[in-house]
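Have a look at the structure below, then the notes.
We just call them A, B, C and D in the order they show up, numbering each chain from 1.
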Amino acid sequence: QAGQAYFDRIIAEDSRIEPSDWMPEAYRKTLVRQISQHAHSEIIGMQPEANFITRAPSLKRKAILMAKVQDEAGHGLYLYSAAETLGTPREELFDQLLTGRAKYSSIFNYPALTWADMGAIGWLVDGAAIVNQVPLCRASYGPYGRAMVRICKEESFHQRQGFEILLELANGTPAQKQMAQDAINRFYAPALMMFGPNDDASPNSQQSMRWNIKRFSNDELRQRFVGMIQEQVKVLGLTLPDDKIRFNEETGQWEHGELDWNEFYEVLKGRGPCNAQRMERRREAHENGAWVREAASAYAAKQAQKAQVA
Amino acid sequence: QAGQAYFDRIIAEDSRIEPSDWMPEAYRKTLVRQISQHAHSEIIGMQPEANFITRAPSLKRKAILMAKVQDEAGHGLYLYSAAETLGTPREELFDQLLTGRAKYSSIFNYPALTWADMGAIGWLVDGAAIVNQVPLCRASYGPYGRAMVRICKEESFHQRQGFEILLELANGTPAQKQMAQDAINRFYAPALMMFGPNDDASPNSQQSMRWNIKRFSNDELRQRFVGMIQEQVKVLGLTLPDDKIRFNEETGQWEHGELDWNEFYEVLKGRGPCNAQRMERRREAHENGAWVREAASAYAAKQAQKAQVA
Amino acid sequence: SQDVAEYALRLGDDALILAQRLGWWISRAPEIEEDIALGNIALDLLGHARSFLTYAGSAWGKTEDDLAYWRSEPEFRSSFLVEQPNGDFAKTIARQLVFSLYQYELYSRLVNSADETLAAIAAKALKEVDYHRDHAIQWTLRLGDGTEESHRRMKSGLDSVWPYVDELFADDELIDRLAGVAVRPSELRAPFDALLAQVLDEATLQVPEVQPAMTGNRGSQHSEHLGYILAEMQVIAREHPGATW
Amino acid sequence: SQDVAEYALRLGDDALILAQRLGWWISRAPEIEEDIALGNIALDLLGHARSFLTYAGSAWGKTEDDLAYWRSEPEFRSSFLVEQPNGDFAKTIARQLVFSLYQYELYSRLVNSADETLAAIAAKALKEVDYHRDHAIQWTLRLGDGTEESHRRMKSGLDSVWPYVDELFADDELIDRLAGVAVRPSELRAPFDALLAQVLDEATLQVPEVQPAMTGNRGSQHSEHLGYILAEMQVIAREHPGATW
């Protein structure tokens, strides 16, 4: 088949598949799932930070936080658009989210409890996202890769802002420093788990790597991230809640303490502290907005008709 | 006519008219209007104080305030019941309130801005209410008079609590004392205006007095009140925002500075700081509760039917 | 002892935060009778809270107000359930149903506590909680078996609070150490489940099939709502440090 | 001067409080595009607020954060309008319509202020407010001339904010003293009314027949909402006196 041959050649050349190109159904499905999950994560991920917009302790931080949460909405939009190029409309993807058929990153099912969490989320969660996403800028599907380029640029900005929040706290009053350490303690393990299960428990990764969607295994990315934050936490004068971290000279890799994968799967199944709350909020926003969206379409239809008549 | 003769005799004897007795239409209408306005005032009057239930600065004060606002709801209920004995159902009275056809005491269109307002409202507003209401305990219409007895007892309790709040503040920190004085400054004139316009501007009073509903004129009651608070404010070590107050030895009456009747009429016409807010809140509560009331009737109907079948 | 005080804090904080939530309804209820009823329940709970906090504070030389107004979020011991927003009347009733059934089972055993103060507070409170329970049950029946809309709302209210039920019944080391003094939460689950199932059945409702949430287990972790609750509750007191009221 | 600082405070507080209100919508809007749009408007207003408060503070040796986080309720100079609750999307749009039309007329004259700082802030902000105005007008048209429900809600939103319109256009002694520096609010009323009437007409809506409220006239009196807004806005900053962020 010509399509398959072209597809295989493009993948072999590490070049890009575009929306109008033929592609295997499995490739398309994998991408829709991955891109929409990513989009949903951006949208749900707005909530923990939105929780501090009205309470940000300085106007400068309030402005930065507002802009950040707004950026996440923008990322959601790019990604839904990228997914739409694969033939699934935003409405349908939304529906999958609201009915619980689609997932989003588990990290957002943890509560944001203090101002320091704004720092920890920026530094650790956006940090992990970047390590995950930078290789995705080279993903074989064109629109996805290009969306990623734009997103990564903003994410790295967000990560730096998160780090700055923590740095300010770490050099602040004892209560502020304590708050920062506490936030790191709570977000460290969930952030590490953002890379997904260990490689031996992640069978789909292999196919994604063959398709040049994924470039590195979950564990490889996790180790890279651990190495990175391990250095950065020293600048903060704080610690990671893991005394097992070390660089293994033999393997040339970073090692970290064991993660509680049981908790990971619990949260994934919907039993995290905030799963229900996040979904309820999203559903409420969607339902409360229904009459607004209907009004907008009705108005647009009226205008179109007027334009036609005129 | 026998009814009229009986009615006239009862009034002449200063005795009591009961629901089943004949009474002139104008008497009935006057009473329904007065009692329902009073009921509405209790219900709307819950709002300024409810505004501080979640913020009361000590648990003891929170409990007292909750109980007080709850008492007001209870007063509303007694009074609606008294009005219902005259043939107008609560639903209809509610409707008059929600559509703006019925009035309530203007004082509740002023905002409660600080904790000290809880004191000023108790001391001045409930205080004025008591001076108004004690004579109403002898109102010629039985159910109204009896409701008033019960209400006055609780109001005088509320007034004392209000005074205690102010006393505590007056003996507190400079900021607390300042807060107390400020609250008195804001509520003094509106409280005086609670007695209604000056006698020469209040033509209906005469008829009410002939019917033994009202016992004293607006100005008489207002003077009595001024004399009372004038003494009490000394105990607080605070002042009334009126340097004209004096006891006129010649007339044997208390005098006070001129009141801004223009403001009074503005508020009465709906232009007070909180008229719109109070009505909006009441309407919202009523509308949001519609499905609950419907459910309760539907359930009651089902139960009644089951009982019949059984 | 520290342990007893810590236990009293849990009991007191649940009552305090729920009273705070319910207090919002006063002047906003579906009918005046409910302004009074919910106000009554809030007032009762506030009473329990004051007793428990006063007792807890006695171990640390603190007053009820020290504890209510001057602790920060992680120092509170309230459960996720009582921190949940009021939502509509159905959600409030769903929360009341769960909490009052739980609290009734709890207090009816706490009256036998080896700690006389806890037993006395529970004994005094029990009759009140019996009324709260009755109020919640009656409304659950009315809403569940009322109109289509009320049924839908009541179901959705139950779903909404359900993730936070398990936490109420979780044992921990504090409970182990307080054998004879504290009531074992896990022992309350069976009677709670039995009565709840009966009520929901009569109300033509079902026990929700909703996942439990990993909650704070009365530790330092709370729902995201508590911060807002405390900001409002404590604001005036904290503006005037050292003042009395 | 003190007067200029006081004037800047009014401008800054209106922008700050409205930004605070609008910030709530981010993550709750009817569609993602609106999370972004309302977020943008909030961010712009916050920017204006920071400029005006910084300028006001320079007269008293205070920073923008000193003024935002450490003033108490009576020291704020915000108008009743911006303190109003968000309500539903229609009420938020109604408030936006009124405020952005007013603010556009205001800033487009403030650019000619004899005070160079005020003029410069207004010049920078004017383009943004033009977008806010356009956003509000477009939504007013969509909601007014959309569905029956949206028309009803938009009408009710306008009614709800209408009592607080007059305050925006009230002159006072401060304005008299600042001739040439401040814009006379009363002069903005005619162009505001004209454009508003035109928009409402196109949206098949009418100018509300609702009584104005006796408001605080930018004095020490506020709506009952401001206390809650500040409790939330200031809570974290005030828990850490002297801290930097």
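Here, a residue touches a chain if its C-beta (ideal position, glycine included) is under 8 Å from a C-beta of that chain, and two chains touch if they have at least 3 such contacts.
Worth saying up front: this structure is predicted, and the values here are computed from it rather than measured.
S.K.: Where centres are the averaged C-alpha coordinates, which chain has the largest centre distance to chain B?
M.R.: Computed centres place A farthest from chain B.
S.K.: Count the touching C-beta pairs: is B-C or A-C ahead?
M.R.: Between A-C and B-C, contacts are more numerous in B-C.
S.K.: Indicate the whole-number Å distance between the mean C-alpha point of chain B and the mean C-alpha point of chain D.
M.R.: 36
S.K.: Centre to centre, by mean C-alpha position, how many angstrom separate chain C and chain D?
M.R.: 40
S.K.: Can you list the residues of chain A that touch 2 or more other chains?
M.R.: 55 - these are the residues of chain A that touch more than one other chain.
S.K.: Can you list the residues of chain D that touch 2 or more other chains?
M.R.: Residue numbers touching two or more other chains: 227, 231-232, 235, 239.
S.K.: Between the chains shown, work out who touches whom and classify the graph as line, ring, star, complete or other.
M.R.: Shape = other; not a path, cycle, star or full graph.
S.K.: Give every residue of chain C touching chain D within the complex, in rising order.
M.R.: Residues in contact with chain D: 72, 227-228, 231-232, 235, 238-239.
S.K.: Using the touch rule from the top, collect the residues of chain B that touch chain D in their complex.
M.R.: Per the stated touch rule, the residues are 48, 51, 55, 111-114, 263, 266-267, 269-277, 280.
S.K.: Of all residues in chain C, which touch chain B in the complex?
M.R.: Answer in residue numbers: 16, 20, 23-24, 26-36, 39-40, 42-43, 46-47, 49-50, 53, 64-65, 68-69, 88-89, 141-143, 145-147, 149-150, 153, 232-233, 235-237, 240, 242-245.
S.K.: Can you name the residues of chain C that touch chain A in the complex?
M.R.: 73-74, 80, 160, 163, 210-216, 221-224, 227, 231
S.K.: Quick check on the complex: what are the chain B residues that touch chain C?
M.R.: Contacts found on chain B: 43, 46-47, 50, 53-63, 66-67, 69-70, 73-74, 76-77, 80, 115, 165, 168-169, 172-173, 175-176, 281, 284-285, 288-296, 298-300, 302.
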